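Each of the two complexes below includes chain A, the first together with chain B, the second together with chain C.
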Partner chain A sequence: MNLKDTTESLRDSWREFAKVKSGLFGLAILGAFLLLGIFGVYLVPFPGATEHWRDINFWQDNPQAAPPAWTNLFAARKGVSSTVLANPKAGTENQDNGVAVRTFSFDYDFGADEPPRDIIVRLTGDGPVPVIITVDRPDSLSAEIYRAQLDLSPLSPARVSLVRNSAQAIVEFVRSQDPELATNMSADLIKPFGILFSKLGKEVATAPTALKGKYRIVVTALQLSSDFKVNTPSLIVSGHVSGILGTDSSKRDIFTGIVIGIRWALIIGILTSVVSVIAGVLLGIIAAYFGGAVDWMLTRLYELIYLLPVLPFLIVVSAIFKPSIWTFITLVCLFFWTGSYKTVYSMALQIKEETFVEASKALGSGSWRIVFRHISPILLPYSFASMALSIPAIIVYEASVSLLGLGDASIVSWGQILESALSQGAVINNLWWWVIPPGLMIALMGMSFAFLGTALDKILHPKLKTR
Partner chain B sequence: MYWKKVLRRVVYGIMMYIVMVLIYSTLFNSVADRTMRSQIDEQVAQEVTRYRNLSEAQLTTLIAERKAGKIRQYHLDESLVSRIFWRSVRTLGFDFGNSTTIKASTGSRSVIAIIGEALPRTIVLFTTEVVLVTGLGIAMGLYAARRPNGLFDRSNSMVTMITNGLPSWWLAMLAIMVFAYAIPIFPSGGLHVNPAPTGLAGLVDYLWHLALPLLTLVLLGIWGTAYLVRNIVLSNLQEDFVMAARARGISERKVLFGHTLRTSMPAIMTLAVLGLFSSIAGNIIVEGIFGWPGIGNLYFVAVQQNDVPILMATLSIETLFTMVGFVILDLIYGFLDPRIKLGGRS
Partner chain C sequence: MSSPETKGPGEGPGRGEVILELRALHKNFLMHRGRTVIKAVDGLSFQLRRGEILGLVGESGCGKTTTGKLVMKLIEPTSGSIIVNGDDATRLRGAQAIAYRRRVQMVFQDPYASMNPHFKIRDVLEEPLLIHRIGATKLERTAMISEVMRRVKMVPVEDYMDRHPHMLSGGQRQRIATARTLILRPEIIVADEPVSMIDLSTRAEILHLMKAIQRDMSLSFIYITHDISTARFFTDRIAVMYLGRIVELGSQDEVIDHPIHPYTRALIEAVCEPVSGRVGLMRELPIKGEVPSAASIPAGCRFHPRCPYAKSECWELPEPELEDSGAGHLHACRRWREI
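Take a look at the complex of A and B:
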């Protein structure tokens, strides 16, 4: 078969395939999944998440169990959306005594009904640096909310949570504006940001009204000598809603988890199905072609594995061995080759008797040559359909084993996201953004492969199309 | 001779079952031996508390003697192969012994008692599910096959594709979220409210707790079954005898129910019988999520607590049931379709 024939036959198959709309639909979804599986890791809001999924420090700036940002559209009282403020306006003022005053001012447009949960400042630099943080409010009042000396290091950033460190300063700010208001205020009891982001008035401590508008947060750092250094800080506004799909109770961004989970779902599904279906096809042909003792052995093995309950067996073996994704893939292959074995076996029994096999034998071909060069190519198209059709079940098995806490802890999969959702009470607390997306993705990926497989099946077995 | 073939099939089934039990026994060998030894220690320690008037030395020899006797009785001092063999023999004789930690509600640690408690619950939920799913699925599949590519057929195929890769436990999580917490019309799990009501109120309460898991499973399961039945029936509708029947002017209804359903019966029965017999294994995750303390739940607790006697017993009982399903299928094929000859190639 030369190249021209191959492209011609491929084009023919594509024309056949293109007639089945659902197959095209499945292929389109699958294409999107493949693209996201390859490039998604670089496009997500938290690019390092693949390595740091279980690293608490990596996620510490996110709000906990926050709903998706778009839920604000339907909420009566709008919450703050979590954002990162970078690229501040920077200025340096060199004083005569060798001290450099560096200012970084961040503009923050506040339009929610609830104040931010926290504002976190991250600073890197070198040496002891006094830091002052002030907030200029839309009503042209200015409050100094933080003043301390930080020991900065170039690599690990100093992290200041303003809501935890500003209560006393905010009471002082209220006192400077209206001493009467501050008389009953205690730094231990107030909600600091509830006051900072509200109109000053009688009810500021009990029922504050949000003061919307442009805020400017100014970080001032003193470089006491030229040996010390301050790098541009970043500011994280921690809100009530976060990202496209919200966060879980370990502050992880769910959208990021969903996207990086695609890669493993595809790897597990495709690798397992390709290996197991090819094994099933080859073993089926070998059993049919050689017959006798080989046939007997393989058929007994097939019956034994067919009898083994898959999930209980997977669970027991995962519990005995250290859960690893490669152990899982190997085990599932051991089970799934049976799926195509019987059909291929019966087809190969017929093909074996065809005249071209006879002719090949007469020309002196060896048994293996006949198996690989003559019988396998005929049965291979059949195996494409069964590969695609077996993938949904494989993905569900992985998710099931993960849901029971027996998944590989070095990867991120949808099943593991659902496992943490279930074990941390997402169902009871109605954290739907944590439960629905991973399951929906499992279903969607299963659906795309099912569409694809059924379309291939229709082309290869046109009998079922109509009557 | 039919009965000879039956006998051959049954013997073959039993042999397969024995091999399976041997595999399980090998898999659990080291843990099971350890469990057995510690159970013997415990038992002997309890026994010797009766002999108070013995001296310290006499007591030590007595304990050692008893232990050695028990170890010999259970063949624990023998080679690996013989230990695996004797455990398989005990399992085949339904002598599952005592569990390591799990207890029945009566406090008994007998594995038989524990499984006897969980099995009926699983049967109530999952066997009912299989019966409903198969019945409704056959009806829907036949209806879809009457007009292939019609509206019902296409929407049915569509839903099958969508539900194909949908984990049942995920749907269970959603069902609980919606119907137990957001709109609380069903309980979130368990068998009954506490304390359990008796009499008619108890039955109503039981059904109320059964409703959500059953509905979830049935609503997810029927599509696939309907699609399979539709495919089986459709492929038979293309046979020559159907065309001949149509040519004779036999009504479409009779062709479908009389001719096609009869020839489709072996394949449909395979679905039904295998589903029925494997349903006793329950569903490990769905039972966990609905707090339904059946076999699946028991199995998972046993995995977590490393309770090997329970694992061994549930696995072998599940396999036995599946095996029985296969044997029964092979036996009824002959009745359903006279063309199929049992086992032999004659």
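Take a look at the complex of A and C:
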């Protein structure tokens, strides 16, 4: 067959396929999954998440177990959405004694009812640098909330959590404005940001009212000599809601996890189901068609593997070898081919007695031609259906193996997200955004394959067609 | 690979020579784990000449289809030999077996089942070309397919090329099945009841077409049927089979107008004729009982339990061999002069 024939027959098949709407729908979902699987890693809010999914430090700036940002639309008291403030207005003032005063002012529009949980400053540079942070409030009051000398290094940024280090300064700020208010305030007991982002009044400590408007956070750093350096800092406002799908109890962004999980869901699901179904179908046909010793041996092998308990076997193998996704895929393929073998075997026994098989033999067909041209295509719809059906099972299987601590720690999968949600009580704690999306994704992926399977079924079963 | 095309059928002076000969062919099937032996074909011998149509006629279960499959080499004979063009073709292997398929082809009984329902007509006809590596490009193969489709009058070719078999009528399918055999330009075609599953109205058309092609290409046909009336129309010679063996063999007019063997007589008697004046005259079969099982063939003349003329010599003496009653009319009846 030359190239022209191939493209022509492909075009024909596509025309047939395009007539089945559910198939197009399935293909569209699968296409979206494929695109996200390939490019999603670059589009997510945390691009390094693939390598750092289990790295606590990577996620430390996120709020813990925060619901998705859009839940604010339905909330009575709006929470702060987690944001990163970058590109501050920078200014440098060189003093005569060789000291350079560098200022970075960040504008922050505060419109929520609850104050931010934290504001984190990340700062790189070189050498010991005194840093002062002040907040200009919309009511034109100004509070100095942080003053310390930081030892900066060029590569690993110094991280300052303002909520933890500003309590005393905020008490001082209140005292400077209204000493009476501050009389009973103790730095250990107040909620520092509850005061900083509220109207100053009698109830500022007990029932504060949010002071909405434009805040300016100014980071001032002193370069004591020209040997020392300060780079532009970044500010992370850690809120109550975060991202498209919220965060889990380890502060990980769930949307990022879902998107980078697509890749592994596709790889594990497609690879395992395709390999195991093809193996099962071919072995079934071969056993049925050739019969005799081949049949006997394959059927004994099938019975042996079918009787082995999969999970204990996987545990033992994972205990011996390093738990790796490739070991998992290989082992699951070794077990899953039995799923289609027996059905295909019985179907092929029937098909090989058909007159058209005899006619093909009379024309001179070899055994392999009959296996591949005559018997396999008839079993193709069944194969697609069983592939589509086994994909969700395999993804869940991967999750189950992950539960036992035998999952591959170098990948992110929906099963693992779901598993950690269940083990950390997401359901009891009403963290629905941690449970529903991965479950929905597994269902959606299974559905896309099922749609595809039924559409191909219609094309490959010409008797369902009319003239 | 020896190519039959070099000595194309229809050319050359070969007409009349023996192209296929079966010698004492036996085929036993074992059943019940070998405890029962079914003798489907039990000592069959005949010769087929180039350009001749030989009819194999008999009741169901007489071994006609098994004979066809043996000639087609779909099953291996238990003993005996198949000789094609003077060469022993009984046990061919590998490339020789494939080359044999180009010389001997088969039209199956059921045109609904003999084509893969997933194949388009184009694929059905292309398959033999692909198997035997005929035609280098798809274009070339398409040209050959069109030619053979025109030959079986499936025109316009483009209308049918991309249809699936289930979209065609039985007659059309059987034409395609014929075309599939012709595309390899075989010398011998085994037609196993090619019209028995087709509407009566199209039977004659298909048989006319097959006969025209047979004459054109000087093919040799083995026409397997239970229908003695189409056999008379279609064949040159008729062999009547009973329980795996030929009991009478001769030219079609001789066998039907002057049958010798009681079994042949019975078969001809049984034909009902829808001609006015004779409609009510559906004669009863003068023979009694059912065909005995091929697992226990009666001793002596195998027809004797059902024969109205049987006498003790028929079952006491060994089985009668075919003998000539003149002009190549062979029969296997010991008492033929008396009855």
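One rule holds for everything that comes next: the second predicted complex is superposed on the first by the 380 of 467 C-alpha atoms of A that agree within 3 Å, B and C clash if a C-alpha of one lies under 4 Å from a C-alpha of the other, contacts with A are read in each partner's own complex, and residues count from 1 in each chain.
Everything below uses one rule, namely that a contact is a pair of C-beta atoms (placed from the backbone, for glycine too) under 8 Å apart; a residue touches a chain by one contact, two chains touch by 3 or more.
On a predicted model such as this, the values are computed, not experimentally measured, just so you know.
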First, second, both or neither for A:Thr355, with chain B first and chain C second: second
Touching partner for A:Thr454 - first (chain B), second (chain C), both, neither: first
Which superposed partner A:Ser365 touches (first chain B, second chain C, both, neither): second
Chain B versus chain C as contact partner of A:Leu189, first or second or both or neither: neither
Partner chain in contact with A:Leu311 - chain B first, chain C second, else both or neither: first
Between chain B and chain C, more extensive residue contact with chain A: B
Partner chain in contact with A:Gly446 - chain B first, chain C second, else both or neither: first
On chain A, the residue positions that both chain B and chain C contact, one per complex: 463, 467
List of chain A residues in touch with chain C within their complex: 1-2, 4-5, 354-356, 358-365, 369, 373-374, 377-378, 460, 462-463, 465, 467
Interfacial residue positions of chain A with respect to chain B in the complex: 22, 303-304, 307-309, 311-313, 315-317, 319-320, 391-393, 395-396, 399-400, 403-404, 418, 421-422, 427-428, 430, 432, 435-436, 438-439, 442-447, 449-451, 454, 463-464, 466-467
Chain A-touching residues of chain B, taken from the complex the two chains share: 16, 19-20, 23, 27, 148-149, 157-158, 160-167, 169-171, 173-174, 176-177, 181-182, 188, 231, 234-235, 237-238, 278, 281, 284-285, 288-289, 299-300, 303-304, 306, 311, 314-315, 318-319, 322-323, 326
Touching residues on chain C, where the partner in the complex is chain A: 72, 74, 97-98, 101-102, 105-106, 108-110, 113-118, 127-128, 131-132, 137-138, 164, 166-167, 177, 180, 184
